[in-house]
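Before I ask anything, let me first share the structure, which is written out below as structure tokens.
As written, the chains take the letters A, B, C and D, and residue 1 is the first residue of each chain.
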């Protein structure tokens, strides 16, 4: 139901109608718009997103990226060979949700995506493959399967493929938010990556990836995480331990059969970037999550395993690489067939920092 | 200059062109969109708002509100007789900027705007008149000239005019932000105000408006200010003292000849609401402010006096009641002819909490 | 009961006793001390303060201060004519508790207490009289009955009496904490006050004492409050309003018949200084507070009215000016005969910031 | 120089002296003490600790602990076979500084130190040995060489030695602070450890020791770190990487040749406990640190290597296991002969949270 329904002055006379028409014309001339004639849902009872729930199959996405690799060069100007997931409800924009951008990026053998920087916060998640190093503010970061990689706002970054095979991965950014809110700055950098070394671990990892330890050279808190790469081995081990602890009868999982971690900024314990939350979820075979609605939008990618997602009542089977978007206040739940691993990112930090966050869980609000 | 210019594969053959066409058709079919063909400014070098700077004259606005008062009833459904300032660059929406809503609201003699509540944060600012009480969560709040009045998100509120003369004021909300981000909830309340008393001071003021004192019954910090009304007498006194202190050679003003206060939440010292900042500025006659660009948008209303605003180089003369919007990264400055009092509100808390805030001041960044 | 009782090796032989004696002698020689022979309460079951509850009568204190005024000069070296309340349990120190210093300070006609600054945080509370200005970092602050006045750590301050009659007030500081923790620095300043003006309101008040307003020239949060004087008129009005609201059936008081405010730093909403909390309490005639134990120590001074304090079961009648100390975990309650106004200060910020705070209220913990 | 020197009324007459004597007697009778006769340094120009810098040699300490193991049983009552380092300046107390307790604790083969809990925050650091598990709130934590182990305030903990050889380690607590401030509570627990398992890794580690990852079951920030054991392997690797990065010309060390990490609470990035900071420092051979004074006290233990400490100008050679205390504002520096590894703990969180922290570094304040 809509709040801003047209107000009905009871049976207006012809003279009244003429006066109203003149009034509305004068409004328009003066760049005004009355609240009471707005037929769209300006203030709905619950969020009514234009964005719709949608699933993209990896088996469709990846071949299209390959064909792009053959037909479209990468270089200065277009900057990136990235193909954005365009939410069917947000016609005409490559926005997966009103806040988030999700794309598959594809880099052919020996190719380089030139360096630049922008206000928009970005990350990469690698569902398969290896061979590319992303260079973030001069620090070369290996990209391998299962890794979650950060390029927070205003950090220079470029990618280069040092192998003879192509590589694809997922990019996530806050481009739609930045564009609609008019907050974006952009600067071109080097056409080649500024450090062509290919170390196994980036300098950020070597300085920061020691659990519970903080370098005395890094005591000032940072807006975004100083860790450039969250490695799959670490994520996998954390999830494995949670499930083992659960088997031992210890509190560790977020719900029975459901292990989950959030990627965090070690200087604060909070989200990795000011606008984007990222998590990894693992469900035991047979686990079904509670149905949940949240303010704000999320994107999931299946990393491994098979299962089913239910989005506002509609079920879709999922397999490795498949992506889906959950718009604001859309009811969602997951069911695992085998073991089921999913990467998730969302705009939750925006909602929490601005106090708009709400969650409704089957059987009660949280 | 745009970053995402079309990439030009040098002299494609007819076969290549056909392949590209097939690729793009396949993209569309699968709800994908390549980054490299987006001709719009997806990632501009600096913010390129669709919103434009614009001035609305009070002498146009107020008569239109009066005519609405005669022709359009107020009541359940349309809820409010509010006329939104529609930024000419945001065609089709009553958005003064991508985040903010500004409207003139008009309540005839003895009329009531029924109670409701919504996630959207709202305030009122009274440029002239009196006679209406706004009832916020059951607390009746007098509305008088120069007062700044809060109805933070999810507080029930309704207004009623207890006099025989009409009253108009300015509403400010984060409706555009809430609508685009899909965060809004709405709930209808009582058709009449739940407390028809007309006290000079609201209970919130009586509990909270004692400088430097906090009630022991209110030690928990609140997301939004517990003060329902910031009275003109207090604002005026604060600005007067700043200018007197300046005359005595003491640091007090924000710049020479420029007194200014921010309305704050006394439980935190921070902004009154999570998405909206509100301030009051007073310029001595002849004062000219530095030219400034800021990320995020602002709306000003002249409260008293005369002056000139320069917006991206274009000058407009202003008098009491005139409103203007400053879109993101628009260069602005003010020049006072006589003493010049202005109310300002903006989305700065959004920009600061999400780390997108930037300011460029003539002669150097801040 | 004590934890660290001597451990008793069952029936030691003479040889064993000799060995133990040699061991203990070796401990001493090497500056070591075994935990198991410590007969004092190193780790008691609940706090066992050396400080004891105690009441000082104003009718004793004030004449002694007067006699000091006749016999002892004030000036550089001794710096202040202050007489400290010495807790009978803390023999040999002018400590009212392990953290707090409380003293009566007396300034004769036309006398000056020279300027200096120190790390220790200080305040004054005026139970009667007027005529002295305290000059804090060059800002002259009038001292009048009922005022609470701040001189936070490392601010220069001196006092001068501009009248022909003497004046006395209460000083509160964190001297015992600073001395035991070895945190204190001290610096001499001007022998005369640096600004001899006697304005009704200090510059800090003129800039900061406008409820809900923050100067744009003061947007950086400060460790201690920028308000130099919390005036009695304001405190009285806040308490009066709480009791009126209570009569109207509104939530406002901290408990039935018990109005109370905390003095706060307007830049944060938190305590006025990092180590000292200050509050003002007003009880309606006949009100009896719940019995309460708290970690940390407090000092109260009766500002007006009559009542009874119960400290660990012992009752004492109180009248205007009387002071009493509540050591850590001492059970206390107040009973008002007529209307009963009390100023309170405590070390609660220390306890809260270091997570040692605990409160036990008759009928349940809080 | 002392501030509170006795004030000298110039040439008092006999009558005046008699009056003064009566005044002072009356002060004493009423539990008052004048500021102006206090000859001790109540407010010194810089901190003047009673605690003195002091070094304890491991070659003295360890044999004394062994002899205690033979002569003194451990069990309920004395609770722990711990021998406290008694600062020579704090006569009569086993306080290494006014805030900190440091002790060597010794547990014989198959012995158990029974479970208890207290408000005091505690940790263990293991300079050599293994074979003991400390059980913290039911979670068994292995203790091995180089490990830093937490038992934050009000967590039950007991230790048991599962081997046939004894083990010793260092305990650090805030006992002196807790005792002087009267904040301590204590509760006896099980006489035997509540979980006799001897896992290689505790449950806290398995849940929390994954760099940059936070369990979704642990999103609420905790006052103290949820990590029970910070393992030597991790600390060593972090320090090694810092020195390697330095060799590669990258910013990583806190000063040339000086690697250092702080142990932190992963939920906040801040100190592990509210009152105690812990760090590990590694100096390259030949490195000499800047001379530094700090408000607050520190204790160091040499973990490995040889070097020299200079404390207020006095030099002492150090080897593995040696401990020294740096009182507040004592000038200290370290010089490494070979590679030089030191564990450090301090009361810095107290000083920072209460805004008393100051540091003076050779060549300028910080």
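Here is the rule we go by: contacts are C-beta pairs under 8 Å (C-beta built on N, C-alpha and C of every residue); 3 or more make two chains touch, one makes a residue touch a chain.
Keep in mind the model is a prediction, meaning the values are calculated, not measured.
Greatest centre-to-centre distance from subunit D is found for B, with centres as Cα means. Each chain gets one centre point, the mean of its Cα atoms, and the points for subunit C and subunit D are 29 Å apart. Look at where the CA atoms of subunit A average out and do the same for subunit C: the two points lie 52 Å apart. Centre to centre, using the average C-alpha position, subunit A and subunit D are separated by 44 Å.
Shared interface positions of subunit B, defined as residues touching 2 or more other chains, are absent. Taken as a contact graph, with one node per protein chain and an edge wherever two chains touch, the assembly forms a single closed ring in which every chain touches exactly two others.
Of all residues in subunit B, only 203, 206-217, 219, 221, 225, 227, 230, 234-235, 237-238, 241-242, 244-245, 250-254, 260-269, 272, 279 touch subunit C in the complex they form. By the touch rule above, subunit B contacts subunit A in their complex via residues 3-7, 9, 16, 19-20, 23, 26-27, 30-36, 38, 41-49, 51, 54, 56, 60-61, 64, 67-68, 71-75, 77-88, 93-94, 98-99, 103, 116, 118-120, 153, 175, 177-187, 223, 274-275, 295-297, 327-329, 347, 349-351, 353-356, 358.
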